[in-house]
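First chain A sits with chain B, and in the next complex the same chain sits with chain C.
Entry: the complex of A and B
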């Protein structure tokens, strides 16, 4: 639980948050993620994946964390796409017999599976690289720059702050309960302990939300004043370079039919 | 009188009555302390005074006019620092936290930036400006909560248990901040359990017990009155306790080390 809170914390701040203008970075991240997700073939996905690797390496972001997330995505995408080669009609590549059931693997199906996995992995890779560079906090700031409803960005910011606090509180509550368990417990007893934590957490969260609302209201001098956001950051050469690269990849995708 | 809280009755939905006719006042350039046992309604009273909770009966006056009628503009004249910093800090960075109120009041980005940097310098949080507040230590968080409120220069400062969970060094810093606020002609109201802190900073002390207030007299008279302190579930400060144990009786009734030094130097001269 504590480790999870640490991971959420590290993603909140990012390794190089001031590198890009948050709005430009969010636009680029969304365009590149969308391009990867809707690419036709393998080439564009591979290109976007390569860009994400370069970004992670250049900004010295923790490549292990990035790779772990991608491995998880790769596993998930592979698992859900397993039926695709069997259910897609096309030229048969191989026949598998599973008892009385005959399964045919088609070339088109296999291509569709590889394309799907490459799209998912490339889209996840580019977005994760932006998150690990910028951090969630700057990503949300970028969304604010895109004129997203301010209530939404405020809620996202509050979630970023309070999820680790919530996890740490849960971890401390579990430790406090563990400290008073004097005999060996069975696995099913763990659920009983967890259930007591869930109830307490709900109550604490409600109380925290109540006090948070008071804290926001105590420093809000007009009815909508608290929704004012940070002024936009300046656009520099790095932002222009990133945006040009994004547009080039998008053009390749759209015009090149990749 | 700058802030006057009169005859407040309050109950939370479905709960018992927390405040039963509580009243206090605070004027410019004075520090008023509210002491009382846990659950006696100190926090609720401060929230009512900041117009964050609506009482069932009673009224809060700011410069003799009902505070409710002056909202939301009057909020910039009242600064409330919560007991738990994590409840108060909700911005992504310390900079944003301090700038939160200023952005609503000032139109210029440069002026906001200047004021944030000034506050950061004053409260010694300059190196933390780009950090998320929830990653700071409890002492740093407390400084951020004070900076985020004092940055917009409120006339009334309400502090809820400002020394809770702090080291002795941090408590000294808080004492300085409270005394500076008093010197800057602000009305400071402190709800606290820390008898030494109350003795060091307050001019007048109220005792809240069973939802109503007693005292409101000088800190010396309240903090030397053991029957009043017993109502607040507190012991007298260390200096009067020590003097009593040693059987020493001084005319001036010293509460703090500084009082004692003054009294002993007078006695010597």
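Entry: the complex of A and C
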């Protein structure tokens, strides 16, 4: 939980937040993620994955964090698609015998599996590369530029700010309560403690919400009118390059039937 | 329960389009309902901070036998504590943060994830809890049972919806014949744990601050109307639970067939069930579950639909 809280804090600003206009970056991220997610060919997914790798390397974003997310997605997609080569009908590529069971690996099944995994991983790679470059603050700002309701962007900002606070609080509450179980712990005891932590987190959230409301009102703000209107960020050459690249990849995908 | 977050690449354009339309439609309806309240510091602070606390609560590891652990979703809990509208907004925020910041759940799958966890799970949890407490009173045993059932059924139905979404998607390697039984079966088991967690948390909250539970906001009216309704509901539930004895066990023993089926066989008419069937609940069964259990679930769903239509009709009549 502590590590997660630190991860949220570190993701707030990103490695190179001012590199792109936030709205252009969000539009590009959404288009590229969608193109990867809906692609049926390996080449397009591989191209989008390569773009994400180049972005991460050029901007010197922390590769380990980015790679960890991708490894998790890769493992999950592989586990889900393992049966596909065996159950898809087609030209047999290999035979596997497990005792009395004969399993046939088909070429079409293997292609389907690889395409599925590449699609899932490429979509995750491109979006997470944008998040690690921009940081969530700029991503939320970009969403605001897409005319997302003001109330939602404010709610999003306030939620993300409070997440590390609650993660740390939950961690401390859990440690304190587990330390008070003065006997051999059973599942029942641990579950009871966890339920009280969840309940008290909700109660603490009412208390924090009350304090936040007082803080907002004490500054004479009574509605979302207090939202700071940030001037729109300038669109530079890098933004045009990024958007052009995005449109090229999208066009390639559409022309190639995705 | 973390299997419920559908990643990018699992859903095709059609399913993404439908789920996003549902998200915008329902989200727009909820925003219109709470817009005035949402413009106040109280509401803004409550929803945003509550979303953060539910996010943190979701990160807790609940150990299970076998050396593994699970995380709970909290949709039913949010529905019970905050009500259906603020519960939806809170879970929606949680899912948005998880998608945007941690990529736990895909951007293209956000509509589906919100439909499953922020709409279905929240509404089912809220309705079941409210119905139970209204009919049987606000006692600890009733609260625990209602919260357990709300948590269990919310997750199971959300899992069924997830199974349908990925099963009908051409991007996913398996069809609904595989995805629905797997998702329903798996979440029906995990839902027991979600139900237990929801019940324990609600009991803890009602002992510390019962006034904060939205679903108990109205005074409990124990009038003749509710006593009669309670008797009818109990009778109906008993009938549903004993129905498989007649509809499945006895029917198999005597070799019962529907008269129209026998007529079709005699006339040598082709069986078009496989071609024209659109529902996963063919013949009152749930794919992957024993016939008797499917019979009971089909009965509960049918009664639920009829009750829902009745309640919607009575509400409309009252408004006019």
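Keep this in mind: the second predicted complex is superposed on the first by the 209 of 258 C-alpha atoms of A that agree within 3 Å, B and C clash if a C-alpha of one lies under 4 Å from a C-alpha of the other, contacts with A are read in each partner's own complex, and residues count from 1 in each chain.
One rule holds in what follows: a residue touches a chain if its C-beta (ideal position, glycine included) is under 8 Å from a C-beta of that chain, and two chains touch if they have at least 3 such contacts.
Predicted model, so just to flag it, every value in this text is computed and none were measured.
Undergrad: Could you figure out whether chain B or chain C reaches more residues of chain A?
TA: Answer, by number of touched residues of chain A: C.
Undergrad: Between chain B (first) and chain C (second), which, if any, makes contact with A:132: first, second, both or neither?
TA: Neither partner.
Undergrad: Check whether A:216 is in contact with chain B, with chain C, with both or with neither, and answer first, second, both or neither.
TA: After superposing on A, A:216 lies in contact with both chain B and chain C.
Undergrad: If you stack the two complexes on chain A, which partner ends up touching A:141: first (chain B), second (chain C), both, or neither?
TA: Only chain B is touched by A:141; chain C is not.
Undergrad: Touch test for A:208: chain B only (first), chain C only (second), both, or neither?
TA: both
Undergrad: With both complexes overlaid on chain A, does A:165 touch chain B (first), chain C (second), both or neither?
TA: It touches chain B and chain C both.
Undergrad: Which of the two partners, first being chain B and second being chain C, lies in contact with A:153: first, second, both, or neither?
TA: neither
Undergrad: Report for A:1: first if it touches chain B alone, second if chain C alone, otherwise both or neither.
TA: Second partner only, chain C.
Undergrad: What is the shared patch of chain A, the residues that chain B and chain C both contact?
TA: Touching chain B in the first complex and chain C in the second, residues 140, 157-158, 160-161, 165, 208, 212, 216-217, 221-223 of chain A appear in both lists.
Undergrad: Residue numbers of chain A touching chain B in their complex, please.
TA: Against chain B, the touching part of chain A is residues 9, 12-13, 137, 140-141, 157-158, 160-161, 164-165, 208, 211-212, 214-223, 225-226, 228, 230-231.
Undergrad: Residues of chain B touching chain A in their complex?
TA: Chain B reaches chain A through residues 47, 50, 52, 72-73, 75-76, 78-80, 82, 84, 86-93, 96, 99-101, 103-105, 109, 132-135, 148-149, 152.
Undergrad: Within their complex, state which residues of chain C touch chain A.
TA: Touch list, chain C to chain A: 7-13, 31, 35, 38-42, 44-57, 59-60, 62-65, 74, 77, 81, 89, 93-94, 96-97, 100-103, 106-108, 171-173, 196-197, 200-201, 203-205, 208-209, 212.
Undergrad: Along chain A, where are the residues that touch chain C in the complex?
TA: 1, 4, 8, 11, 30, 33-34, 36-38, 40, 69, 73, 76-77, 80-81, 83-84, 88, 112-113, 116, 119-120, 122-124, 127-128, 131, 136, 139-140, 149, 151, 154-163, 165-167, 169-170, 174, 187, 190-192, 194-206, 208-210, 212-213, 216-217, 221-224
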